[in-house]
Every structure is written in structure tokens, then in C-alpha cells.
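Shared between the two complexes below is chain A, which has chain B as its partner in the first and chain C in the second.
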Partner chain A sequence: MTTTDVRPGVHPPQPTADSSGDRGNRGSRLSDKSFIFFLLLPGLVLLLAIVLYPLVRSLVSAFFKESLIYPGMTFVGFDNILDALGDDFAPLLGQTLIFTIGSTVLSFVLGMALALVLNQSFRGRGVLRGAFLIPWLVPGVVVSFLWMWIFDGNYGVLNGVLQQLHLIDHPIAWLFNTDAARGALIIAKSWNSFPWMMVMLLAGLQTVPVELHEAAAMDGAGSIRRFFTVTWPHVRGIAGLVVLLEFIWNFQHFDTIFVLTGGGPAGTTQTFATEVYDTAFKGYDLGHAGALGLLWMVLLMILVVVYVTFSERGEKSATAEKSERAVKKEKTR
Partner chain B sequence: MTTEFSRRDMFRFAAVGLGGVAFAGALAGCSGDGSGGSSGGGSGAPTNFSFASWGMSEEATKPTLGAAIDAFAKKKDVKIKTPSYDYNDYLNQMTLQVRGGQFAGAAQLDVAWASGFAALGKLKDLSSVASGRGYTSAALKAGQVDGKQIGLPWTIAAIGLITNTEILEKAKISKPATTIDEFEDQLRSLKGLGGGMIPYAASTKAAQLKDILVWMQTFGSPLIDGKKCTIGDDESVKAVTWYKKLYDDGLIAPDVDRAAARTLFAQGKTAIYDDAPVGKAGVVQSSPDKDLASKMSSMARPVLADGDTPVEVLWGHLVTVVDGDGADTAAQFAQWLTSDEKQTLSYFSKLGLPPTTKKALASSAVADDTFVSDFTKRVTANASAEPLWKFPQYGQMETEIADQVQAVLIGKASPKDAMKAAGEAVQKLMDA
Partner chain C sequence: MTALDTETAFAAELTSPPRPGRTGKRRRPRWGMWIALVILALFAFLPLYWLAVTSVTPNDQAFSYPPRLFPTEITFDHYLKIFRTPAIFRYLENSVIVSVITTLLSVAVSMYMGYAFSKFRFRGRKSLMYFVLSSQMFPQALLLVTLYVVFAQFNLLNTYLALILSFTTFTLPLCVWMLKGFFDALPDDLIEAAKIDGAGPWRTFHSVILPLAAPGLVASGLFAFVRGWNDFMFALTLAGPEKQTLPPGLVNMFITESSTAWPALMAASLVVSVPVSVAFIALQRFLVGGVTAGAVKG
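So, the complex of A and B:
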């Protein structure tokens, strides 16, 4: 009987030199290639249906005049793209970068600080490690509403507290001031995402050998020096990766901005994500939304290339480090 | 014991699984939107249908609307699915679903959205169910687009200025202002009351900054002249300059939309705000002042010069029917919900939504309601549709104008530059 035992640890029969596709028994057995293809098929179908098709469809829209409500589409070449690259593009890119960089930096600083604290040994560390994860578990939209009530200009919690402390006389319209609204967005997004940074960095910190810290301390290195000479070289790789990933996610972030400021005041917190939404679903202009989406994707692709290069380099240096260590060990023997 | 699978077995299982999924899909496809209704053609037995609304997602209206839906379902022995979305997301959700063929049945609609929704080309002509039901001609007109009755009028009124008479009296205001100058003086008197009083909770948040349009009209800008957008003319600039003055002097406040204005009014922190009569129920319900209902009144929008006619903007809800499964029963539901006297009066008594039939409007229940009858005389009598409503891209036009008005309020742009930019953006959308 020609069955293939798929139990772990039990190896399937090796194909013979002339029968990688089992030509001799084609009616009853599958080739490895077919089997691999069969296993990949559901994933590929899903990928095509929910990722590739919508992506290609929206990119195609960039070259057509197309409405969400009227049927039909007219080819307009690069008109939509040139239009999207007009006067509003630079401010939009700037606003997107302010939000992206601000949220990434703040969540990294918070994440790193907490990871360093929680890497120390103290009572209640486990509870705190769990507690700090809570903001990450709260859905983005809920977080946005939470911060909306905090920053509300008329009956917000922040104004209430500041007035109670006699720090302000009148309520401040935080979300009605460009800088304050940007700050509010950055704070809300960072509050939601710092736990993820913290967990990743904590994992990195736990790979730092304690002996190195002890040796550096014996040599008289203070905690700041130890951080830069012992800790940082070990976590630099993972820190770079999480920062890059967070940057990419923030660059595409939508819900906090949509709920908290809606892109306001006066469109000064509008980012690519909210602008594409407004163009497509308020202006019903799929062509312009597609063009903006195309430009946004090009920028994202650059970031993805940086990420892939960075992670490949990280992998290579890790492999090189490993083999170097192995060589050293061998020499010591 | 271990079970051994050959790759052929895996294929077999997968094929059976896929077949099952395909069969289930085919069954689901046959049942339409899942409501189990039969095809919408003909006027046979009642069928299940869907009724989409934002009313079912709002605390103030959900119990009353839910009871009405249940009553019809029981009467006709059908099931009614009630998808609901927040008002601000409703139009987008429904546009996407109707365009994608994912929705059929009855749907609540703001009168401002009628043109855009009708442009989808999926709405049933309700002329036959509208005739002989006694709707007022103004109400029927609100549901017409290009001569087609795309919706039945459910409630029609206007967005007007709602006042708290007690606070006005405290500020020694015995008679509401008739001109803009008087109005501004009264706002200053209200500001003088202190205690963080916001004299007029005018909309300043983008979501409801469309309220500025009626002030532009009050200052004399027609907004649209033929195929030309007039925003950016002297009158619209004067209106925004005045709005900015109110803002800078603390007579209106930042961060206010309709919901915030209602909350401020309920808490007694503002004396005047813009709303339709529908807002009263929620405001009264959420107010710590148990007598607030008796203190609520309305005033005609002040005019530029004595003798001018106040400009008011129409407000209302329609019930439309998207063609497809259950559409005929959905049309019957729309007719019943909007014109059955018992139903409309019950709705009015619970939510204060003015009915749209002559008979219901003449009933003692409506005539004896001082708030609504005053509102009808002072505000609704002069109400007309917003000129921009006829454009399907109305939502984006609103956003463009709101962004520019906000830019003026936060000092980022001058009224002249901002209104020029807004006018150009609206013109571009009109020409699209």
C-alpha cells in the first residue's frame, strides 16, 4: 500500500533519482511539488482574494476617473497622480511624518524605559509586566474614544484636573489647536503601542549576559555607561527592528486619527490614511483615492525594503557572530 | 493507535470539505441577504426584509423605534433585520452596501443625502405607496429627486435655534433677537452671567460645521448660482468674519458639535444652540434639571437687516426602499411607519418628531405641543433645502468648507483666503 506516514519524526520515503514526481506510480501518489502546491493553495487563494485583488483594483483606479456611486470608469492616464502630487501633497506627507515619527519615538522611549525597569528583579515584577500590557490589549478605537474624553475642550478630564489644581483658569480646547491636537494623537497612539515595544525590548534585554554587567560594574562603570557599552550593543538589533516595524504601522495608522481629531482642526492632523478615506468615501472619488493610495504605497515599499534589508543584515551578523564564537570556542579547546 | 493519511486521502478530505463549503455557499446565495424573504417582485404575501437606520444605534430613539419595528413584524408575521450604524458613518456604510448589492430593504435617510443616495440607481420609486396617504406637499417634495419619489417623508422640520428661556431671563433678555447685531448683543449679555457660560453653542467641530452655511445665506450668499459656487463672495466672507469674532470673544466655543451642544444645553452651560426638534427628547432625558422641557423654546434665526426673511435649513428623515429581496414588504413598512396615524402620533409623543401627514399635524397631540408648534411657526415655516444637497459629493463639500472655516477660527487663514479656497474646492467637486 502506498501511504505516506506524516507522523513527526517518521520520514517519508526518499524519491528515487528518476522519479521526483513518482512517474512510475502516477495514478496513486502525488509528487512533492504537487503536494507543496496543494498545501499552499488555500493560502494563495485567500491572498489573491483579500489582498492582491483589492490592491490591484485600487491601483488600477489611480489611472481612471471613477466614482463610488456612478457606474463606469474613464482612462485618464497619470492625471490623478499628478493631481495628488499637487500643493496638498507636501503638507500631507509632513503631517503623516510628524504623527509617525512622534508616535514611534514616544512609544520607543516609554517601552525602553519600562523594559529596563521590568528587567530588574523586584517584588511585584510579574504583576507589573502583565499590567503594562493592558493598553495594548484595548482596541484602538476604544483607546481613541478614551483619549477623546480626556482631551475634550468642554468637559474633558484633563481640563477638569488642571482646573482643580488651579493650573488653568479656563478650559483649553486641546483638539482645536494644531500643535496640541498633534500631541494628543501622538500620546494616544503611543499609549496604545508602547507595551508591544516594551515586551520586545524586554525579550532583548533578557539575552544580555549578567556576567558582562557584573564585570563592567567591577571595572567601575556606572549604570548609564553600562547601558551604552553593555546593554545597547545587545539590544540594538531588536530595537532597530521594532522601531522600523512601529514606524511602518504608524505610517499606515487610521483609527486613532479618525476618531480623535477626524483630521482636524482644519485638516492639520490629516494623514495619508484619513485623506484616502475622505476622498473615497466622502468625495466618492475612487480615482483620486487610488492615486493617493498608490503614492502612499510607494513610500511604504521604501520602508519595507529598509526593513527587509535591515532584518537580513541582522540575520547575517547573528550567523557571523555565532560562527565566530564557535571558532573561538574551538581554539580555546 | 495512529491514523495514517496518504496524500490522496488528504485530497479526498479536502475535496469533500470544499464541496461542503460550496454547497453551503450556494444555499446562502439562494437565500439572498439571509433574511429569508422571497424575491421582491409582485405584491404577494409579506416577506422578511431589512430596515437599516441610525435610529437603532441611538439610545434616545432605539426603544421607540424598536417597538415600532416589532409591532409591524408582528402584524405582518415577518422578520425584520435591523442593521444600524452611527449617524456619522451611516451614509458611507449604506453607500458601500447598496453599491455592492449587499443591502436590500428599507433604509432611514437624512433629507440632505437624498441626491447622493439616489445616484446609486438602486432606489425603488415609491410614488404608488405615497399617493393617497395625506402627506403634506412640502414633505413629499423633500423625498423627491428628479421627479422620482425616492423616499417617504418620516419627519420633516428644520434646524433652528433652541433657547433656554430661564437663562435668557437671567440675562434680562425678554425677547429673542431679530437681527444679527441684536443677537450679538444678547450673546454678550449671556456671557456676562459668568460661570463658564457659553452663550451660543454653535458648531465649531468639522462634523457639524455645515451649520455655518445657513449663516452665509443669512449674510446674503446664495452658495450656488447656476453652475457656480459663490462661496468666497463678500457675503460668505462677512459671515465667517462674524463667526470668528464670536469665537475670539468667547461667545461661541471650540470643540462643539451637535452632541456636545446638546450636552452643554442639558447641563445649563449654554443658552442657545442649533438643533432640530428631535434633539429635545435626548436633552431633557440627560439633563439634571427636571423642568428643562418647560424652559426649552425656539427662536427664528436673526436676519441681517430688519424686515429680512429668516433663513432656515430644512431637516428631516425619509424612509427609502432599496430594490431587491423583500422590497415590497419594506415599501409597505415605509408607508406604515411614516403615515399610519396611530404610529406617527405615538412616535411624536415619545420623541417629539413632527409627523408629515396633514391629519397627524392637525391632531390635538401635535397642535397642543407648544414647543413643536412654536418651532414650526418660527423656524420650519421658512425652511428650505440646502443648495449643496443636490450634489452627491455633498459630504466632501461639507468637509472642504469645514476645514477652511476651522482654519479661520484657529487663526491659520484669513476669512477671505479661506473662503476662496473653500469655494474653489466646492466648485471642483461640482464640476467632477
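So, the complex of A and C:
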């Protein structure tokens, strides 16, 4: 969890986030309780009303039969949840995971490659660092429009290019084929998010001491070897973090799927987010939507717990490695 | 805490001055790097090229197969057409109103919260911070369902307020700790000095601390603006046809069962994407200036 130590060179304006006020000067300053209360009040009211209350209420509705259009709710116990865990659950979970893992992995690979390239020094690097952000700044619906047009079955540019290269003989209706539609979603989403990955990973890469690279190069280590022995230990922390965040965001991603494929063909690209939406706003079934949401939250929590466990273990071994290396360095001098 | 560090790292990356790159002597041409750069650039920019080119391609050329990568004729009719569509102006107006008010409200709310978390120690501070941060992890599609019901009860459906309240709340985690970071960088002595000079806590914050955190206010405001401008799901569901912003507006207008007017849609897409990109790039420069100035003085 403590990734701050991984990139001391990034100098965010708050390197001493929590130490700043813990210097024992409490009470000497404004310990005025009502002042603090009023500082926090607007934000807390919003968070309680717009996040916490709806969250709790939707989880509660998982245990009731409740409709969006008719008033009233009846307690049904675990019926909704058992229902949600029925035959449709496994495909839905699988589809969600395909989209989530596919998009996360692809955008990570692209983002890492780009960060490594943009960490080299060459003319025009500054301009490129800015220009590569554009796919990330484009609104989600525009991302969908654009890729919908590229993948269009009748006039799409992808078909045109592939056909001119003689890779296909006739135009393909990409978005009406399950596998192709899944691929299209992953490509569109990765195109949108890999610049963000690049920014984060570049921040991590800039903490790698140049001397280490030079020393390794002098010892004859190739660039691939240097990446895994010198670079990776330094960016591992931030890499794990961006992958986790991207995973969580992709898991709940809605825009691209809703616009680009609408969950189709035949519901084979539906994910939790679009399914919850459709259940509530097209099927008017709040209880079922709540049950899906409950299962979703449980999965998310398992994921976070797994991540925290692994990252803590990883961090321990990483610090151990680092100190070991430092000791070796000392000895060789 | 996870997200906290990322966002600050990210904010720092955006606002940090360009740092000198690796000054290694070039011993041999780096073919691998150049090949990777070309492939990545093609992936990133070809779609954008296609977006721009389609928006100026006459309809008869856009709807022909195989597609022409370089149209033989260029037209701005699609832009003229969308700017003559009253509905698009309504969406634009809604987008501007919602995004601007979200920005102002979000900065106002998060600066107080960030200040409290940064400069004061109180019981429950850590737990509250974790709560604020973790709130962005909750599935928004799920929140939306209940928010729809709640807003309906308060007759807030189809209003700007529904969108503004939602967007402001969802930007809080990010904005609060960006601003907390900026306040952390300011020395506590400032508060002490203002207190000795007889300023009350509110006065201290508003006239001493806030001006110094101006770059942070701009940075967090920018993120809030982008959130309001780019959102699709909430605007689609809570706003109704009259108060809809551009993203759902364009979907409803162009994406139909029959055929899509692709060149016009690409023109509209470009128009929607430009303000955010320009604001981001323009303010990024300004932020760099603000932060480096502060760093030099401090």
C-alpha cells in the first residue's frame, strides 16, 4: 500500500502527507472543533447522500421484491441473490472478466511500452508526452463513436485496410461477431486508458536511478535483462497499483460497452455494469439489480483483499532485495 | 492508501516541471525504441486522424467502399450542419452549465475538506480519509440505480441539480486529496503567523492559505470539469431530454437503428473533444509555472 517510497523523485507537493501535522503541535493551533466540523460538513453530507445511502439502500433492496415503476417492496430473503446466481451468472462473470482482464492487460502493456520509450531522451519527447494524452482526454462516448465507425461492417476503415492488404477477402461485420465484438471493446477501452497508464508508469520510471542502469550496462547486461533486474523492482509498486485501479475501473466500466456494442451480439458482451443498468432501467427490477450489485461488491472486496495481501508480501521482499543489493554494493567498494 | 498515492503521483506528474531525461551517451542507434514508438503512435493517432478526416469528407465519399484514407475533396458542411442544429446548442448549453457549476462546487467543497485533513488532527480523521478515498471504488452503475429512485422522490429528476450533485460528489475523492497535497506543502507557520496577527480561522484560510494554493484549485477544478463534461451514464439517466448534456445527447441523436450519419457525428465528436483537450493542455502549462514558482520561493 505504501507506494510513496517507490517514487521519491516524483516530488508531489505533499511528500510528508501524514507527518506534517503529527509533529506534536496539536492543540497549539486551531483545535477548534466546530471549525473542523464546518470544514468537513458539506463534503460529508454529499458523500453520505450520494454515495453511502444509495449504496446501502441498493444492497438492502437485494433482499426485496421491488420495482422501479410500481411502489412497494416485499421481503423475499435470498431469492433475488439465488436467482442472480442462476444459469446466467457464470457467463456474465466470464464476460465481465474477459473485458476487464483484456483491457487491463492490453492497456498496461501499451502504457508500459510507451512509458519506457518516452523515458528515453530524444528530440520532441516533450511534445509527444503531451500528444499521447489525447486519446485519454477524449470523452468516453466519442471513443465509442470513433471505434464503432472504424469497425463498421459496411464502410469501416478497418475492413478497407485489411482487404487492401489481402488479409481478408470480404468485409466483416465485426460488431456482430461475439469474439470480434469482445476484441473491439478491449481495443477501444485500451486506446482510451493506456495514456493514463503511461503517465503513472513514467512517474515510476523516473525514480529509477540512472547510475544503476549505467552500472548494469557496463557489466554487460542487455536492455531486456536491465528492465527486469534494474527497472522492474523500482516500478513494481506503482505498476501493481495502476493495474489494480484500472481493473476496478474496467470492472465497472459502462460507456464503451453500452454505446459500442450495447451488450450484443445477443448479450455476449454484457458485463456487470451494463447488466445492472439494463435490469433496473429496462427490466424495472430493482431487487434483481441490487442482488447483482451485492455479488459485484463481494467480488470487488475479495479482489482488494487479495491485492493488499500480495502487495504487502511483495513489498517486504522488495525492500529485502533492495537492502541486500545495497549491502553488496557496499562490499564491492 | 492506494488511490491516494496514485492521484498525487499523477497530479505531480502533470504539474511537475519537465525533468532532464537520461543523459546517457548514445552508443548505438536504438532501433527497438523507434519501432515501438512508431507502432504506438500509429495506434494512438491513426484513429484520431480518421476522426478528423471523416468529419471533412463529403457524404458520398464517406459512404463508399473501400474507404479513402485521403479524401479527394474536403468539405466543412458537416460542421455547418451541426452548428445549425438547435438541439446541439441545447446540449452544449447544458454541458457548459453542468460542468462549470460542478467545477465551482467541487473546488469549494473539497478545499475545505482537504484543509481539514491536511492541517488538523482530530478523532476519526484517518477513517474519514479512507472513507472519502474508497468512495470512488463503489460501482457507479449500482449507485445510479438508487440515486434515480432517490432523486425521483425529491422531484430532482430532469434537473441540473441531480447531475451537479452527483458529479460533485464523485470528484470529491480526487479533488480532496489533490488539495490536501497542496496544503501539506504549505508551512504550518503561516497559520501561526496569521493567528498571531489576530486573524480568525476562516480569515486565515480564505486570505492566507487559499491564495497560495491557487495552482491546486485550478488543477482540481480541471479534473472536476472533465468529469462533468465527459460523463455519459448519469447524464443519460438522470437528466431527461431537456437537460441532457452533449455525450448522451449525441448518442440519442446519431446512434439509431437505421443508419448513422458518420461524417456529421465525427464532426460533432471533434467539437465535444476539443474544449477538454485545449483546457487540459493550456492549464497544464499554467500549472507548471505555478508549482515551479512556489518551489523556487520556498
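Everything below uses one rule, namely that the second predicted complex is superposed on the first by the 265 of 333 C-alpha atoms of A that agree within 3 Å, B and C clash if a C-alpha of one lies under 4 Å from a C-alpha of the other, contacts with A are read in each partner's own complex, and residues count from 1 in each chain.
Note that a residue touches a chain if its C-beta (ideal position, glycine included) is under 8 Å from a C-beta of that chain, and two chains touch if they have at least 3 such contacts.
It should be emphasised that the depicted structure is a prediction, and the values quoted were computed from it without experimental measurement.
Novice: For A:Q164, decide between first (touching chain B), second (touching chain C), both and neither.
Specialist: second
Novice: Taking the superposition on A as described, I'd like to know which of chain B and chain C A:F247 touches: first, second, both or neither.
Specialist: In the superposed model, A:F247 contacts neither chain B nor chain C.
Novice: After the superposition on A, what does A:F64 contact: first (chain B), second (chain C), both or neither?
Specialist: Once the two structures are laid over each other on A, A:F64 reaches no partner at all.
Novice: So, does A:F99 touch the first partner chain B, the second partner chain C, both, or neither?
Specialist: A:F99 contacts neither chain B nor chain C.
Novice: Touching A:W149, do we find chain B (first), chain C (second), both, or neither?
Specialist: The answer is second: A:W149 touches chain C but not chain B.
Novice: Would you sort A:F35 into first (chain B), second (chain C), both or neither based on which partner it touches?
Specialist: In the superposition, A:F35 contacts both chain B and chain C.
Novice: Report the partner of chain A that touches more of its residues: chain B or chain C.
Specialist: Tallying touched residues of chain A, the top partner is C.
Novice: Just chain B (first), just chain C (second), both, or neither: which does A:L46 touch?
Specialist: The answer is second: A:L46 touches chain C but not chain B.
Novice: Let me test your reading of the model: by the given contact rule, A:F281 touches which partner, first (chain B), second (chain C), both or neither?
Specialist: After superposition on chain A, A:F281 lies in contact with both partners, chain B and chain C.
Novice: In the superposed view, which residues of chain A touch chain B and also chain C?
Specialist: On chain A, the overlap between the chain B and chain C contacts is residues 2-4, 7, 28-30, 35, 38, 68, 152, 154-155, 171, 281.
Novice: Under the stated contact criterion, what part of chain A meets chain C in this complex?
Specialist: Residue list for chain A touching chain C: 1-4, 7, 9-14, 16-17, 20-22, 25-26, 28-33, 35-36, 38-40, 42-44, 46-47, 49-55, 57-58, 61, 68, 110, 113-114, 116-117, 119-121, 125-126, 128, 130-135, 137-142, 145-150, 152, 154-157, 159-161, 163-164, 171, 191, 194-196, 199-200, 202-204, 206, 210, 213-214, 223, 238, 241-242, 244-245, 248, 251-252, 254-255, 258-259, 272-274, 276-277, 280-281, 286, 289-290, 293, 296-297, 300, 304.
Novice: Can you name the residues of chain B that touch chain A in the complex?
Specialist: Against chain A, chain B makes touches at 2, 4-8, 10-11, 14, 92, 95-96, 99, 116, 119-121, 196, 198, 204-207, 253-256, 260, 263-264, 269, 392-393, 395-396, 398-399, 402-404, 406-407, 409-410, 412-413, 429, 432.
Novice: Can you name the residues of chain C that touch chain A in the complex?
Specialist: Listed in rising order, the residues of chain C that touch chain A are 1-6, 8-16, 18-24, 30, 32-33, 36-37, 40-41, 43-45, 47-48, 50-51, 54, 62-67, 69, 108-110, 112-113, 115-116, 118-122, 128, 131-132, 135, 137-150, 165-166, 168-170, 172, 176, 180-182, 184-185, 188, 191-192, 195, 201-202, 204, 216, 226, 229-230, 232-233, 237, 246-248, 250-251, 254-255, 260, 262, 265-266, 269, 272-273, 276-277, 280-281, 284, 291.
Novice: Help me check something: in the complex, which residues belonging to chain A touch chain B?
Specialist: 2-7, 28-30, 35, 38, 67-71, 152-155, 170-171, 173, 175-178, 262-268, 278-279, 281-285
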